[in-house]
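For reference, the structures are reproduced in the following blocks.
Next, two complexes with chain A in common: one pairs it with chain B, the other with chain C.
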Partner chain A sequence: MRRWRGPFIALLILALALPVWAQEKPRSGGELVFVVPSEPPSYDAHQEETFGVIHPVAPHYSTLLRVDPLDKTGTKPVGDLAESWTVSKDGLVYTFKLHKGVKFHDGSEMTSKDVKASYDKILSPPAGVKSLRASAYAAVKEIEAPDAHTVRFTLKWPESSLLLNLASPWNWIYKADILAKDPQWYMKNVMGTGPFKFVEHVRGSHWVGKKNPDYWDKGKPYLDGYRAIFISNSAAQVAAVRGERAMIQFRSFSPPERDSLVQALGPKITVQESPWDCLNFVSMHHQKKPFDDKRVRRALSLALDRYEGSKALSRITLVKDVAGIIVPGTPYATPPQELEKLAGYGRDINANRAEAKRLLREAGVPEGFAFTFKNRGIPHPYEPLGIWLIDQWRQIGLNVKQEILEASAYHPMLMRGDFEVAMDFQCGFIVEPDLDLGRFLSISDANYGKHKDTVIDDLYVRQARATDMEERKRILRTLEKRLLDDEAHVVYTLQWHRIIPHNSRVKGWTITPSHYLNNQLDTVWLTE
Partner chain B sequence: MHTYLLKRLLLIFPTLFGVAVVTFLLIRIIPGDVVELRYSGDRGAVSQQLLDQERARIGLDKPVWRQFATWIWGVARLDFGQSMWTGAPIWQEIKLRFALSLQVAVMATIVAVLLAIPLGVLAALKQDTWIDYAVRVFSIAGLAMPSFWLGIVLILMLLIVFQWLPPMVYTPFWVSPWQNLAQLIWPALAVGYRYSAVATRMTRSAMLEVLREDYIRTARAKGLMQKLVLSRHALKNAMLPVLTVVAIEFAFLIGGLVVTEQVFNLNGIGLLFVQAVAHRDYTLLQALVMLVAGAFILVNFLMDVAYAWLDPRIRYR
Partner chain C sequence: MATPLAYDLEVVETRRRWPEALRDFGRRRPLGAIGAVVIVFMLLVAGLAPVISPYDPVAIDFGAMLARPSSAHWLGTDSFGRDVLSRLVHGSRTALLVGFGASILGAAIGAILGVGSAYFGGRVDLYVQRVMDIFLAFPLIILALALVAILGNSIPNLIMAITVPMIPRCALVIRASALSIREMAYVDAARAAGFGHARIVLRHMLPNVMAPFLIMLTAFVGQAILLESSLSFLGLGVQEPTPAWGLMLSGAAVEFAERAPWMAIFPGLAISLAVFAFNLFGDSLRDALDPRLRTQ
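Let's turn to the complex of A and B:
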């Protein structure tokens, strides 16, 4: 009897595990229907800035590298068209080997010539063609295609962010011959090497893609096709998911919307959540008194009870984590115990506010000092955050009036510098310090507070060129302390929190901190 | 009659020109422009150089008078240009949406007329009885409830009671009548009810006025059947003000269902209006205002023709 016990237990484990395994095995077929809250103005991702392009159009394209679709931190580059790559010892030469037999949707073969032509367009676009992210590739000296399946990037200096920049979800690979004839062709046409072929776009209504049977990654995609429905109204988006007219919306829903879906659909809905690489921070105009004084700026940060704020606000809007300059849970994020050492991040709020009042007195700011806080008229999370900030600042004796600006008037106001204190924002497409922190450089067009700080400029360059991860972390900590504490150039609020409640039939999709990532849909499948 | 119609026709051109000037200037007063909105994006970081380059590309760097001259010359040749947001020709942007809005407007008008005329006549005939009170409560409720709110209630009812939601994507009637009606009947009911409320009250008051006229009393004294008195003498004369209300509401529905279209996610002219304003898409917005103004002018012209047909005193004047 005893000799059968081992095999019996093994069989029992297998039998118990079998349903789970069978359930999780990707199944082919079906059409994924998803909601997109915005619509693509044009189809050329190199020239666009909105996720409204990425969500419906990305499944038609491949990129050289991509961010691992299964990595929740959204920071791990893996090959897409690149099969493998090597980096020279001095960190200046990156050589990529491409998959063979990759075909464009018109049947022609994709080669290194196409990768080079696409990157040439991104790095140095022809006259009349825009490239919104060219500055991220300032380190690239030269791109070569020595043979049909090899691409070589030579850099002017080592750059730790290069691989993630080459995994950018915006850098779709286009066909070289088409670009040579008309570099604007991709503004109005779709033709890539991605897992889905283009079927139709009905403006204001929907976008349809069908499975590419010649996709290079054999066995994928699992879906027969997808349909993206454009719905701008958030109540209608929730109704679409609740009424099972759509299965998922890839940007985010708010906590009350999540709760209503969970309550209505129960086990039919699965919720994925993640810290989001978007953040609202307060910009203070450094050329306007008293905000030219760092003691006043620090006081504004010290007044905030971020931990209690997180508890209350995360129930009603899209914010949650108390964070520094890097998204929590990602490789360069500051550990909580270290974060607590920064001004305004300590747990003792009474001590923080006493210090804030002392600093204001020292700077000659009287009790009841009044200023206007300019905010953007968007419900989530701008408006609740604005109300919270005003309440917190009142507790250190400041009298703050909020002025809400309509979305189209808000950005020109920031650019003109027509504010004393304003809500500012940042949203990254990959969690990468080079991409997220560039706006704090003295020369940046997005440095709306107009601070001039050569120390930060220098630290930024040093972290960008640091090839050792630990060294880069140390530099980033120093930069963070200077930006948020010593000089308090800006006041960070709370990290945005991404919430994706989706139909439980949707499998093979993993949330990341960026709503620009993981939209190729090649790994997504539907249960019966 | 011909001079009357010709005068009405000639009035169309100065009216449209006035609309064009006012629209062109008003939308340029609103802060922000299409370039800033398109490229400020989520990151909020864009160079001034890029913004200037884009403004020059779409002609926003030119003096306002020159922009107006270029645009109005295009309009005179029925060329409304391209959308500043998408770069697509304006007619393409409007074509699909117009079909949907027109269908909703027609369906809502049918709902409204089918409700308003019988109810209005009935209320007038049974003045101050419980039937009259019931019709008045029904019509006042229609006026008090915004159609978008009624739309939300309809959607929630369908979701909660029937676990069903109307289709989210428009299918033309000739492709699938069932799909088409399954999507559009709900907004048509929501809008048609409010629309019927206005028309019911107008029908009732017009009928009450007409029923007291001498010629109705004469017709009855001559022994004409009540049915004939109503259909031949009373209703035709009472229809003049009702026709005005129905026609103006119809023209309004072409571009005025801004919120209702959002609630039902209808890809119509109303939603396009919202997007054009939100994107500061000047060319598209100008074309839409001209379209709606054109619809109002056309409906008014047809109403004038109908008035002349219904009331001979107008055409002989």
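Let's turn to the complex of A and C:
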């Protein structure tokens, strides 16, 4: 009997493990149906900045590099069309070897000429063609295609963010011949090398893609196709997932929406959550009194009980972590013990508020001082954050009135500088300090508070060119202290929190801190 | 001119007549009386809001988030832990301020335009009425929405946005009454005596259209409260954290409708009750002031 015990136990373990293993093995077939809350204004990602383009259209395209679809931090570049790459010792030359046998959906072969043409369009767009991200490649001196499967980027100075910039989900590779004939062709047409071919787009209704049988990554994609349905109303989006008419929405749901889906669908729903590379911060107009005084700006930050706010607001809206200038959980994030040293991040809220009141008195701001806080008319998380901020500022004796503006009026208001204090926002497509902090440069068009700070400008350039990670971290901490504490140019609220409750049949998709990432769908599959 | 003695007697008689008239109104129009009681109650609540509300209506208390109705919070709390009862009590101020403000302004401007239009007749009447027709072509809510969008959303702008659509509605009704008054002998006599237009319109015609004016006024208050709530619900009216009934119904109240239904039920009830009360009172007032219905 004893001699059978060993094999019996082994068989038992195998029998128990088999279903789990079988379940996690990707299965081919099926159509993924997902909700997109907004529609693409055009089909050309080089010229657009909304997820309404990325979510339905990205599966038709490839990029030179991509962010690892399995990396939860969304900060690890891996090859997409690039099979491998090398960096010269001086950090000035990046050479990429491309996969061979990659075909466009029209059957023609993709070569380095197409990659060069696509990047030429992004970096130096022809007249009449927009490029929203050209400034991110200021360090690039030259792009060459020495042979059909090699692309070389030569830089003017070393730049630590280049690889992540080349993994940008916006930098779709287009066909050079088409761009040569009409650089605007891609605004109204779709033709890439991605895992899915375009089938149809019915405006106001849906977008359909079908499996590309000639996709270069053999065995992928797993899905037969996908269908994106456009639903702008959030209650209708939740109803679509609850009624199992859609399996996922890739942007985010709010905590109450998540809770209602979990309550309704139980194990049929899987929830993935992550800090989100988006943040609302308060901009104070530096040319308007009393916000030209850094004591007043610091007081506005000191008034916030971020830790209690985080606990409570995360139950009702899309915010959670108390964070500094970089998304928590990613390589350059501020360690909590260092964060607590910044003004308004200390744990003793009574001491913080006493200090805030002292600063206001010192700056000559009377008790009950009134001002208008301009906010954007979006339910999550702008409006709850606005209510919370006003309550926190009341507690240091400020009398704040809120004015909510529709999106069409909100952006012009920020750009005109027609505010004393306003809600501002930052949303990155990859967690990379260069991309997330560029708006705080004195010359940035997005520096709505209009601060002029050459120290921050200098620190920004130094961190961008620092090739040593530890050195870059040190510079970033100095920049953070100046931005949020010493000068308090802006007041950070709480990090957005991304919540994706999806049908448990959906596998092979990993949440990242950006809703612009991981939308090629080549790794996604459906269980029976 | 009355002698002091005659004046005193008149006052005493008026004092004696008012309770009697109210008793009579209550007996003959019980629904109207109920409406009046609710309106008086609302006015008292609004007037005494800082004294009677149990909590600060804008103070956040995260420790009491989404608390169900209890002895501590009679009507529960919202998603920020704010006391629903206190927000309702203070919200009545917003509702009544906008309701009375817009309807008094709208009815007054409408009455002056209606009487003036009827009195002058001819081209003045033609032009004024065509302008009124243009405004009447727009549904109330659409016109108010457009005006708020143009003016921006503050309480004075909200009152203005609700006032404008009220004006033509009142002008139309008052003009109809004023047309018959224009033909009365005393108006001719005033003209013959050489009185100016302003004096004839303001002293002789306007007081005689008071009955339809009061009826329109009471009917407008309910409508104005409903419009204010609708605009606030749509995010175009009063802004957070100011307590307002329509605002209390929007946003989180919708999202938490299943978990915290009290967030939507009580403001909804308050709006319905207020509008119902003003409508009941307005209908009864019309019946009481209309001589044809009074004789019946």
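The rule is simple: the second predicted complex is superposed on the first by the 515 of 528 C-alpha atoms of A that agree within 3 Å, B and C clash if a C-alpha of one lies under 4 Å from a C-alpha of the other, contacts with A are read in each partner's own complex, and residues count from 1 in each chain.
In this section, contacts are C-beta pairs under 8 Å (C-beta built on N, C-alpha and C of every residue); 3 or more make two chains touch, one makes a residue touch a chain.
All values reported here derive from a predicted model rather than from experimental measurement.
A.B. asks: Looking at the overlay on chain A, is there a clash between chain B and chain C, or do the two fit?
C.D. replies: fit
A.B. asks: A:Glu49 contacts which: chain B (first), chain C (second), both, neither?
C.D. replies: After superposition on chain A, A:Glu49 lies in contact with chain B alone.
A.B. asks: Touching A:Gly377 in the superposition: chain B (first), chain C (second), both, neither?
C.D. replies: Once the two structures are laid over each other on A, A:Gly377 reaches chain C alone.
A.B. asks: Contacts for A:Lys311 in the overlay, against chain B (first) and chain C (second): which applies, first, second, both or neither?
C.D. replies: In the superposition, A:Lys311 touches chain C alone.
A.B. asks: Contact-wise, after the overlay, does A:Ile404 reach chain B, chain C, both or neither (first, second, both, neither)?
C.D. replies: second
A.B. asks: Considering only touches as defined above, state whether A:Val129 meets chain B (first), chain C (second), both or neither.
C.D. replies: Touch partners of A:Val129: none, neither chain B nor chain C.
A.B. asks: Touching A:Ala235 in the superposition: chain B (first), chain C (second), both, neither?
C.D. replies: both
A.B. asks: After the fit on chain A, how big is the angle at chain A between chain B and chain C, using C-alpha centres and going to the nearest 10 degrees?
C.D. replies: Seen from the centre of chain A, the opening angle is 40 degrees.
A.B. asks: Should A:Arg203 be classified as contacting the first partner (chain B), the second (chain C), both, or neither?
C.D. replies: first
A.B. asks: With both structures fitted on chain A, tell me whether chain B or chain C touches more of chain A's residues.
C.D. replies: B
A.B. asks: Shortest C-alpha to C-alpha distance from chain B to chain C once the two structures are superposed, in angstrom?
C.D. replies: 6
A.B. asks: Which chain A residues come up in both lists, the one for chain B and the one for chain C?
C.D. replies: In chain A, positions 235 sit in both the chain B and chain C interfaces.
A.B. asks: Could you list, by residue number, the parts of chain C that touch chain A in their complex?
C.D. replies: Where chain C meets chain A, its residues are 58-60, 62, 65, 79-81, 152-154, 235, 239-241, 251-252, 254-256, 258-259.
A.B. asks: Would you mind writing out the residues of chain B in touch with chain A in their complex?
C.D. replies: Those in contact with chain A are residues 30-33, 36-48, 50, 53-54, 57, 85-88, 92-93, 96-97, 152, 155, 158-159, 163-165, 167-170, 262-265, 267, 271-272, 274-275, 278, 280.
A.B. asks: Touching residues of chain A toward chain B in the complex: what are they?
C.D. replies: Going by the criterion above, the answer is residues 41-42, 49-51, 128, 130, 132, 187-188, 202-206, 227, 229-233, 235-236, 239-240, 242-246, 264, 278, 406-409, 411-412, 414-415, 424-428, 438-439, 444-446.
A.B. asks: Tell me, which parts of chain A touch chain C in their complex?
C.D. replies: That would be residues 235, 254, 256-257, 259-260, 308-309, 311-312, 315-316, 377, 379, 383-384, 386-388, 390-391, 394, 401-404 of chain A.
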